[in-house]
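Read from first to last, the chains carry the letters A, B, C, D and E; within each, the first residue is number 1.
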Amino acid sequence: MTEQAPILILLFPFLTAIFVALLGAKVPAASWPLTIASLGASICATLTTLIQVLENGTIRYYVGGWAPPFGIELRIDGLNALVAVTVATVAFLGAIYSKDRVESETENKGPQYYALYLLLAAGLLGIVITGDAFNLYVLLEIAALTSYALLAMGNKRATLAAFKYLIMGTIGASFYLLGVGYLYIKTGSLNMVDIQEQLIANGLQDSSTVQVAFIMITVGLWVKMAFFPLHAWLPNSYAFGPTTSSSIMAPLVTKVMIYVMVRMVLTVFGPVYAFEVLDWGNIVVWLAVIAILAGSIGALAQKDLRKMLTFLIIAEVGYMVGGVWLVDETGMTGAIYHIISDAFMTLCVFLFAGIVFAKTGARDIYAVDGLFKKMPITMIGFIVGAFSLIGIPPTAGFFSKWYLIQGGINSGNWEYVIALLISSLVNAVLFFRIIEIAYFGKKPAEGHIHHHGDDHTKISEAPITQLIPLLGTAAIILLIGIFNKDLVAVIQDFLEPFNLVAGIR
Amino acid sequence: MIILIFLILTAFISLRVKDLLSAAMIFGVYSLLMCLLWAGMGAVDVAFTEAAVGAGVSAVFLISTILRTSRRSSD
Amino acid sequence: MKFLGLLTVLITGFLLIQAERDFPDWGDVNSPASSYKLSQHYITQTFAETSVPNMVTAVLADYRGYDTMFETVVIFTAGIAIIGILRVFGSNIKPDHPEVVLTKKKPDLIVETTCRLLIPIIQLFALYVVAHGHHSPGGGFQGGVIFGASFILLALARDLQYAQQWVPENRILNLAGIGIFIYAGFGVASLLLGGNFLDYGVLTAIIPGDVKDAHSHSMLGVEIGVAFTVTAIMFSIYSSLSSNGHMKEGI
Amino acid sequence: MVAIEALADKFNYWVYIVIMMIGLYAMVSKNNLIKKLIGMSVFQTAIILFYVSIGYKDEATIPILYHDQVHGAHHAEEGDHSDEGAHHDETHAMEAIAKEATHHGNDHAVDADHAEVDEHEADHVIDAHVMHNESDHAFEAGHGGLDIDPNQFENPLVHVLMLTAIVVGVATLGVGLAITQKLYGEFGTIEEHEIIEQLRTGND
Amino acid sequence: MNPAITSSTPLLACLASLAAVLPILLLRKSPNLRESATFVAGFIKFGLVVSMLPTILGGTQIEYTLWQILPNLSIAFRVDGLGMLFGLVASSLWILTSLYTIGYMRGLKEHSQTRFVAFFAVSLSATIGVAFSANLFTLYLFYEMLSLATYPLVTHHQDKEARTGGRTYLSYLLSTSIGFVLPAMIFVFLKTGSSMEFAEGGFLAGHVSGKEALILLLLFTFGFAKSGLMPFHSWLPAAMVAPTPVSALLHAVAVVKVGVFCVIRVFTGVFGLEFLKTMDIATIIAWAAAFTIVVSSLIALTQDNLKRRLAFSTIGQLSYIILGVALLSDRAVIGSMAHIAMHAVGKITLFMCAGAIFVASGKKYISQMDGLGKKMPITFAAFTIGSLSVIGLPPTGGLISKFYLVTGAMDAGQTALLIVFLVSTMLNAAYLLPIGYRAFFPKDPELARQPFSWKNTEEASLPCVLPLCITAGLALVLFIKPQFLLNLAGLMVGHGG
């Protein structure tokens, strides 16, 4: 069965989702174990695939037995095997966390929640493993629809934000679709690899249609990943949606979109076209710099814990977009490595925010007041995530910054390096502010109104279903930090054939 | 050609008109025109689907929401 | 906001016009999209490989069957999503917003009779559209939507609760799920028989006939699955939207 | 008139841009949520129009084989191919023959790749081969022309894609409407600025 | 290249205190057992460090590669003369400070002692890690670890003052290390493509242009802000909110010395003295250090809070060390390295005295200490010895290192800087000596007339007083037997001292 592993990655969560939706009406209690089991199985499938890729190189799985370009193929190489493992693992951890929170945060719609959750996971996994540009669009829409619903289950603000997200997300996806249409009109193909072959074979380097296709796809994905000026939908939706929803969406949705962008740049258009024919690297890096700074400044201005974290996501998106456009192998490595590490870092801090919200019922950063005493284990988990976002060794975040900065220096994009450093410092300020509040246990002098008041003293350690994912994530952050060499070796193997410009300009 | 011009007109009007119920109806007309256009271009399956989905079900969804919420629109 | 919208539109429009300069002429048979082996293969080989004359059906359900499965899932997702967003379970019913005044429908003889006559015909036609999708325009989606529309018509003509007597909420969801299970079932069956996912060719082991027939029959099967799901979800969405999630009374 | 002629070559392509921009403008700048959603649908249909336009070919018909073609193809397998496609003029058919021949060559190449890459599908590939050989055989035997002329039919692929896009569109519309209803239940209005105003003044 | 052997002793020495964290946490219910765990770890650590001493003195280095964490980059340990010197100082003083901690913390009945002791142990691991790092990357790793591990120590009181102090502390240290050192390190990594192993004579020569070298040097020197070079010095006075054992060990020995240690490493191991000489870029650092020395001494004069005065004194003394290496002459560099040890011993004595005074009398301000020498004669005697050592007067070890520094300045032909040395020595004397003097010979005739009697003494408890006596004794011993320190330092500049 191992040669069927690629499709099983998807089938487990996807079929279970439908099963959960049907069974949920009668046996709601079965939803959670089924979710966990299917995501666990999916992790196994992704790992099997990863091992196969490492052993035998790229896997091409022809769905329906039709050879591409006639049929749809799942094309798994080092890059998406890694991302798939990440997606499955994050989804798994997030699902464990959901157990105690779903009922209270989604108005007793547990089964629907889990069904949508699994469909989101399936959609994201599908996006990651597919090798067909149009198939990607369909899965993009599955992921998007589930996201809208998962967010709209939250409070008033989240509902409005979900609507905004729906509009923006549809614009983004439609731009993508239009871009694929332009590629199709010029090449006649939908298979990613085949598109690139046709682009080269037909000499379409100068075609304005292909250029616009590139812009449309990139901008569409930027909308979906909340790249700075196009980020308006993100902060409120992740900050006010159910914590369970944001704990899977915040780490995964933007990261998967970045993966798609990398895929488009490298596999569909090819680095030569994306970076040399269209020499926009510097402009995009500047945009990324603005995004990083804007995200950091936005985060500084927030008093709401989760909203602050959402602005950090925007800054991190800037990291990765910039990293891709540094046009440097190390920078690209850093960007891809950051996709993985950032997924776990974001998961870690969002889980923490969720736990704090669950325990105190408060959203602002003063909710962590004195938590070091009351929930030391939770805080340890959080500190690992926070350190990683700041970039303190040996957490994963440090190493992604290491590669990204290296790429920035290598390609001479000093503005990017400086922006990264500033953002690290801002992260340090942000997280030490939280750590300080948690450590000193002082109420703010201004007499800030707390929703919780006296029951503060009753707060104790989080339940085990919330601790396991938090600590698991923290452990993974450390592990992928310490073993980053192996991870990076896989990424560099993947990048090698693209022959990205290396060396100092 | 005529269809195309009408298409632009209906799209424009459905977004201009202040009464949402009329907007939904005109949107249905727009979909139907679109469906005719596609049928003319030989895309029968697409036209068929659009006739059932765009002009039929979408319009019904819109109308049921409008009746459940509010008919007026500020723009 | 207006300014922003205008700006977006201008920039995007400019880009699209730029792109359009390089398009092949409309209807040009030599454009890459038409002359590339991909579409030509579908046109010339479909019948030989699947014995389905309607290329759209064949491409939809076979060559790109994976897409279509997820297309069905999109519909299903929408159904679940809308239930997740709107549905109010049990006694936790908030009063309707006062602005929404819904009058209880009086039975109307003309409407009712017309519907009584029309609905079976519509449903029959829907079945025909599903079943005859191999040879004429149509297929699971179109048929499913029409079938779903017949229930919507029923709900409009009488009221939602009446229609729900025929298709209660739970049964509707089960139907939708079964539809996807049918679709995926063909895929899983081909997995189990040693082929790739959705590789209908290997189903000759359980479907009589040669490889082409296996393709053709499996396509019919998945189209039926699609029809199930689409029927169910269309009506489910309608019931949720028209009753504001209470499933009590429609519009 | 000349200008219109020039326009007409790509007229569909112009119209889709206009419609799309109308939809996009509505999505970005309308205040009413339902208006936004209608704009979204218009926007998506415009893209569908674009795709369908790609698939259009002059003098081609709907992508469903006629009965006699089907019939003919059946016969081809049995070695009894009837003469069809009489409505084509001679030169056209010749061109098509040439094209078809190269095209078949391509197919084999691809299938050979296929066999190499994915061995466990070998059975299936061989089946496909057999079928190709049969049709080639029919063609080489010169039973009065081709099975199918690719230029005779619209491109079916874009139709398939657009079926999917329509379905996605209606699904998104449905979810959007559901969110609108929920917002109306919470705020009592479906005007975006009024909702934002409520959030700002409200003590949420 | 020196001969080297592979052994895991450096790693074990580094981990010894880290491993102690677990028993410390487990034994939190019984303070005595907990403290003994610390001592056991301390002695093991010291033993391990000492066990390597003969090998190092013999001119052989000890290497150990733990883990290759990045392509071409490993976490690796290497013990050489400088590392040995610093490791010796840190590990020996830890034992004494642990003893002192018991007296101080219990004397004041501080809260959360377990946390305190545990983080203390972690900090020590980081310090030894820095001392034994084989490359720039490992150095950076432990440097960051030290910054973070000391944060809970600095903010131990968890009050408003501690919060502000801790905030300054971390913001200075983290912003400089992330903002300056990290990019500089990555740049070096990119330019050389090497594993950034410290090498005798540096590894940067030939890889960078003059301008780049200057920028890198500035980034590194100011980036290691633990060295307290102005203008990045404010964290040090701010960190004085910490309990005194922390100030004593960390801010006289571990943290600040890690800063200057890193600077020395960068000068000797990364750039190489020869390279710096040819580039002629170290002068600017020398002047920055000279400026810091004078200004901080002047500020110290104005401080009334004893710990703050000592803090500014530390800033000045650290800059001696930096100035020493920046002079680039062999003798000055040896002086610098020796000064790490000499100043550590002297300054820790002073801090311990300050703590002992606070424990016994609750007095923090110098103006309150008039005549206190009669109540705490031992403490103030030790204080005086410490002062002498810091100033660089006989019969203390401070003289030796100052001597080398001054002669080194002469070698380098920097007369102006020589004057700085001399002036600052005066200033040192001016701000340190009066404290001891006034304690024994108060201005107030009332106090002066009080007769001295051993019976009237109110010394702090034994665990408080004993360590400071030992360190004061050490300061004296180092005057007589400085040779092995000088030998260790000499190893770094290519001859046996």
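In this text, contacts are C-beta pairs under 8 Å (C-beta built on N, C-alpha and C of every residue); 3 or more make two chains touch, one makes a residue touch a chain.
Keep in mind that this is a model prediction, so the values were computed, not measured.
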Shared interface partners, meaning chains that touch chain B and chain C: D
Steps needed, at fewest, to go from chain A to chain D via touching chains: 1
Between B-D and A-C, the pair joined by more C-beta contacts: A-C
Remotest chain, chain C as reference, centres from CA atoms: E
Longest centre-to-centre distance from chain D, chain (CA-based): E
Euclidean distance of C-alpha centroids - chain A vs chain E, Å: 44
Distance between chain centroids, defined by C-alpha means - chain D, chain E (Å): 74
Chain A-chain B separation of Cα centroids, rounded to whole Å: 37
Separation of chain C from chain D, taking each centre as the mean of its C-alpha atoms, in whole Å: 16
In chain A, residues with contacts to at least two other chains: 62, 65, 70, 134, 138, 141, 145, 148-149, 152, 178, 184-185, 190
Residue list for chain B, restricted to those that touch at least two other chains: 44-45, 49, 53, 57, 61, 65, 68-70
Residues of chain C whose C-beta touches two or more other chains: 16, 20, 23, 31, 33-34, 37-39, 41-42, 54, 56, 64, 67, 71, 74, 77-78, 81-82, 85, 99, 137, 141, 195-196, 199, 201-202, 237, 241, 244
In contact (per the touch rule at the top): chain pairs: A-C, A-D, A-E, B-C, B-D, C-D
Contact set on chain B toward chain D in their complex: 1, 4, 7-8, 11-12, 14-15, 20, 23-24, 27, 30-31, 34, 37-38, 41-46, 49-50, 53-54, 57-58, 61-62, 65-66, 68-70, 73-75
Residue ranges of chain B touching chain C (in the complex, touch as defined): 44-45, 47-49, 52-53, 56-57, 60-61, 63-65, 67-70
Contacting residues of chain C [partner chain D, same complex]: 1-2, 4-6, 8-9, 12-13, 16-17, 20, 23, 25-29, 31, 33-34, 37-49, 53-56, 58-60, 64, 67-68, 71, 74-75, 77-78, 81-82, 85-86, 94, 97, 99, 135-137, 141, 194-196, 199, 201-202, 211-212, 230, 237, 240-241, 244-245
Chain C to chain B touching residues, read off their complex: 54, 56-57, 99-100, 102, 129, 137-139, 141-142, 145-146, 148-149, 152, 156, 234, 237-238, 241-242, 244, 250-251
List of chain E residues in touch with chain A within their complex: 67-71, 140-141, 144-145, 148, 152, 155, 158-160, 162-163, 166-167, 170-171, 174-175, 178-179, 182-183, 186-187, 189-190
